[in-house]
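Two complexes come next, and they have one chain in common, subunit A, joined by subunit B in the first and subunit C in the second.
Now for the complex of A and B:
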């Protein structure tokens, strides 16, 4: 769905690249996470992919279209939810969606259905200028789905949303992906990336340092240990046991069989820990 | 959107403050039923108002306007009642009319042959309507500027760029407002001010070419400003060359005219003047609109890259 080869971009047209020799491919139906701290080159890459920034150097193919010679029809296939909400403040929520749907040449979704989907029902006739930041963000998210995009770009889709709404947004992303949408998710939130993405790319200083699935990364970089807490003669005992060494594997079985287990956790690494380990940088 | 009613307000103000095309400035007050024949005669040459009684006639004459009463005297003659501050030519005109009516002198008794340049429209009214038409074209540009500032404030331009609407289509769509508003506004203005009989194809030609420069400036001001008030304020700077051009055409001698040749409004004003007089040929209209188009094209070549970059 996306092919990026030797992509470079410099804002000053010099050798100081914001995006430096980036290469990756995204398959149809995949959720691909683009992880990196602020200023790493995530938004620059994304903006080149969607044509908001002109391609300077490299080869980029999006939804079957060469981005160097971008065709207007390409936008019938893609949708984008921006990090900063961008809706017409003088129009109501429903008017925003009605207006935007008219810009497409393909079958579009019912604005009322989208309003309901993102939990804005009851507020659809209120001017968007009177919406809270979170409501505007949800409206922007809803608008990105109006053309049933085959390729869906999501820039920090849950930023600034309360946990229940963020959970709803994550569910919607999963549902749309199950229906066949390919998702390009730009975020610095590793929990969302971990939960949603089939693969993630770590980008720092304009360069991709690593691409793999969260599971494979955890296996590769996580410690193969289990932390267990159990009660022995009324006393709480803590043990850390290897899941690889034969003697300790037997000990795990013994503890589980003979004692009252209080807590038990594998010591797999989080994506953030892996990111720090790989890049030497935090995700903020 | 309130800007859309501005041409209509202009038209109403012009009608209020300037005499109409077919209006006469002389008003005569007569006593109702006293001499219907005389009243009919006066109606051919002046506005006639009828008073119910002599007291009412005296009260009416004392009001602020220049109405002059022709009232029956003690015998069979008439006397003229004025406030005393009316222009002499108005009083003399009524005196003559009263005498002509008395001796039953009609138009057919005149030996004079009338030769005319055919200018039936009051020059002040024409100037005001012409100015208002150009002003309306600037309003179109102003709406574009305000609209782009709003798009920037809402950050919605990027969302439009991610739809199948091309950038050229986006610019063309915005520009439509800058054409439609001046064209519709000018037509309304002309109809309301009594210029319904002129060639509206000529009007369309002059208005569409004159609004190009305002559209270009509207885009640039919209791109360069993040505040609606600043954008509107900067657009007002266009009034300077507009009023300068009008002053140049109307007040300055021929030797100073080349100083204004670079201003498109100068040529628009001259072209509109012909259109409003209803005496411009297609050749002349094409000449003036062509010059305006040429100057606008030069400005476009300079500003187009900035507009394109600014809307990215």
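Now for the complex of A and C:
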């Protein structure tokens, strides 16, 4: 669905590249996470893919179209939810969606259905300018689905949303993916990436450092340990046991069988820890 | 269809914005100014101030001639204020000018000083010839000065001018057209101001508003072309311009104008100004940054007018004997021209014609 080969981009047209020799491919139906700290080159790459920035150097193919010669038709297949909400503040939620649906040549979704899907029902006739930040964000998210995109670009889709709404948004992403949408997810939230993505790419200083599935990364970089807390004669005991060594595996069984377990956690590495390990940088 | 949807959306949005009502309000303000402030005819008649230092018989004959030309054939007795003094004068109002006959040389000097207008002292010399002495102010062109000299030179002047002017053929190209009055003449200026200048600023305001809301990015990720977006903006500006122009024009002009031609003017000028506004917005982040460039563009656009005025000034200075004199010196400089003439009736027309900048054929 997306093919990127030797992509470079410099804002000053010099050798100081914001995106430096980036290569990746995304298959149809995949959820691909593009992870990195602020200023790493995530948005620059995404903006080139959707044509908001001109392709300077490299080869980029999106939804079967060469980005060097973008055609309007390409956008019938693409949807994009921006990090910063960008809706017409003087139009109501439903008017915003009604207007945008007319700008596509493909079958579009019912704005009322989308309004309901993102939890804005009852507020559809209120001017978007009067929406809260989270509501605007949901409207922007709903708008990105209006043309049933085959390729869906999501830029920080859950930023600024309360946990229940964020969970709802994650469910919608999963549902759309199950229906066949390919998702390009740009975020610095590793938990969302971990939960949603089939594969992730770590980008730092314009360069991709690693591409793999979260599961494979955890296996590769995580420690195979269990932290366990249990009560023995009224006293709280803490132990760290290997899930690989035979003797410690037996000890885990013994502890579970004989004592009152208070807490038990596997020491599986988080994506954030792996990111720091791989790039030597945090995600802020 | 997408263009139509974009255009109708822009119309709805503009009807919800302040800028739209600012334009409409401005049109109504201009209409009110035209209806209640601007007269149909400005008092553009030249004012001639004369002191007839002549024997009573000659004076009577002179005034009799003026009375024949007076619009209501009644001599009006008026009072003029100059240098904090009140002076009596007789006023004759002809088609071209208002002629004040002053009663003393002192009044003539006072009017000349306070009004800064050319005045004429008419007297009889020892040879019983009528002598016209012009007290000019220094701003008169060399052409006027030469004309006065030639006109009063009986041997070379008046006959030549009369003969020449008699041979001038004036033909009207459009027989069915009538000149506009002063109020109607103001409308094109207002239409240009409201249509073009306002278009430049308002389209810039619309675009910067979209930029600040991030709308342009969202629009760019649709299957609609950028030119749909731009053209719909320009379309809204042109529609607004036409609406405001009709608000101004219809109450004043009724069905007189050639409306299709006016529409063509509004569309082309609106399109040009809006395109210029769009061009400017592509270089700047917000309207504050763009103001400097807009100012420069406006200055460039009015530069031809400046150059025209500059060359006119240079031209008049080249011929002006008081060039280099201070403002105070100029105040005290009077150019005195003396000529001889006995056809005073024609003189008034000529003086008036020269002073108002037009040449018309003497009656």
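Keep this in mind: the second predicted complex is superposed on the first by the 284 of 284 C-alpha atoms of A that agree within 3 Å, B and C clash if a C-alpha of one lies under 4 Å from a C-alpha of the other, contacts with A are read in each partner's own complex, and residues count from 1 in each chain.
What we mean here is this: a residue touches a chain if its C-beta (ideal position, glycine included) is under 8 Å from a C-beta of that chain, and two chains touch if they have at least 3 such contacts.
Model, not experiment: these values are computed from the prediction.
When both complexes are overlaid on subunit A, subunit B and subunit C end up clashing with each other. Using the contact criterion defined above for the overlaid structures, shared-chain residue A:225 touches neither subunit B nor subunit C, since it reaches no partner.
With both structures placed on the common chain, the touch criterion links A:276 to neither subunit B nor subunit C. Contacts of A:143 after superposition: both subunit B and subunit C are touched.
The interface of subunit A with subunit B overlaps its interface with subunit C at residues 50-52, 72-73, 75-76, 78-80, 82, 84-90, 100, 103-105, 140, 143.
Across the complex, subunit A meets subunit C through its residues 50-52, 72-76, 78-80, 82, 84-91, 99-100, 102-106, 140, 143, 147.
Remark: subunit B residues 150, 153-156, 158-166, 312 touch subunit A in the complex. Those residues of subunit A lying in contact with subunit B across their complex are 50-52, 54, 72-73, 75-76, 78-80, 82, 84-90, 100, 103-105, 140, 143.
On the side of subunit C, the complex with subunit A involves touching residues 1-2, 5-6, 9, 12-13, 16-17, 213-215, 217-225.
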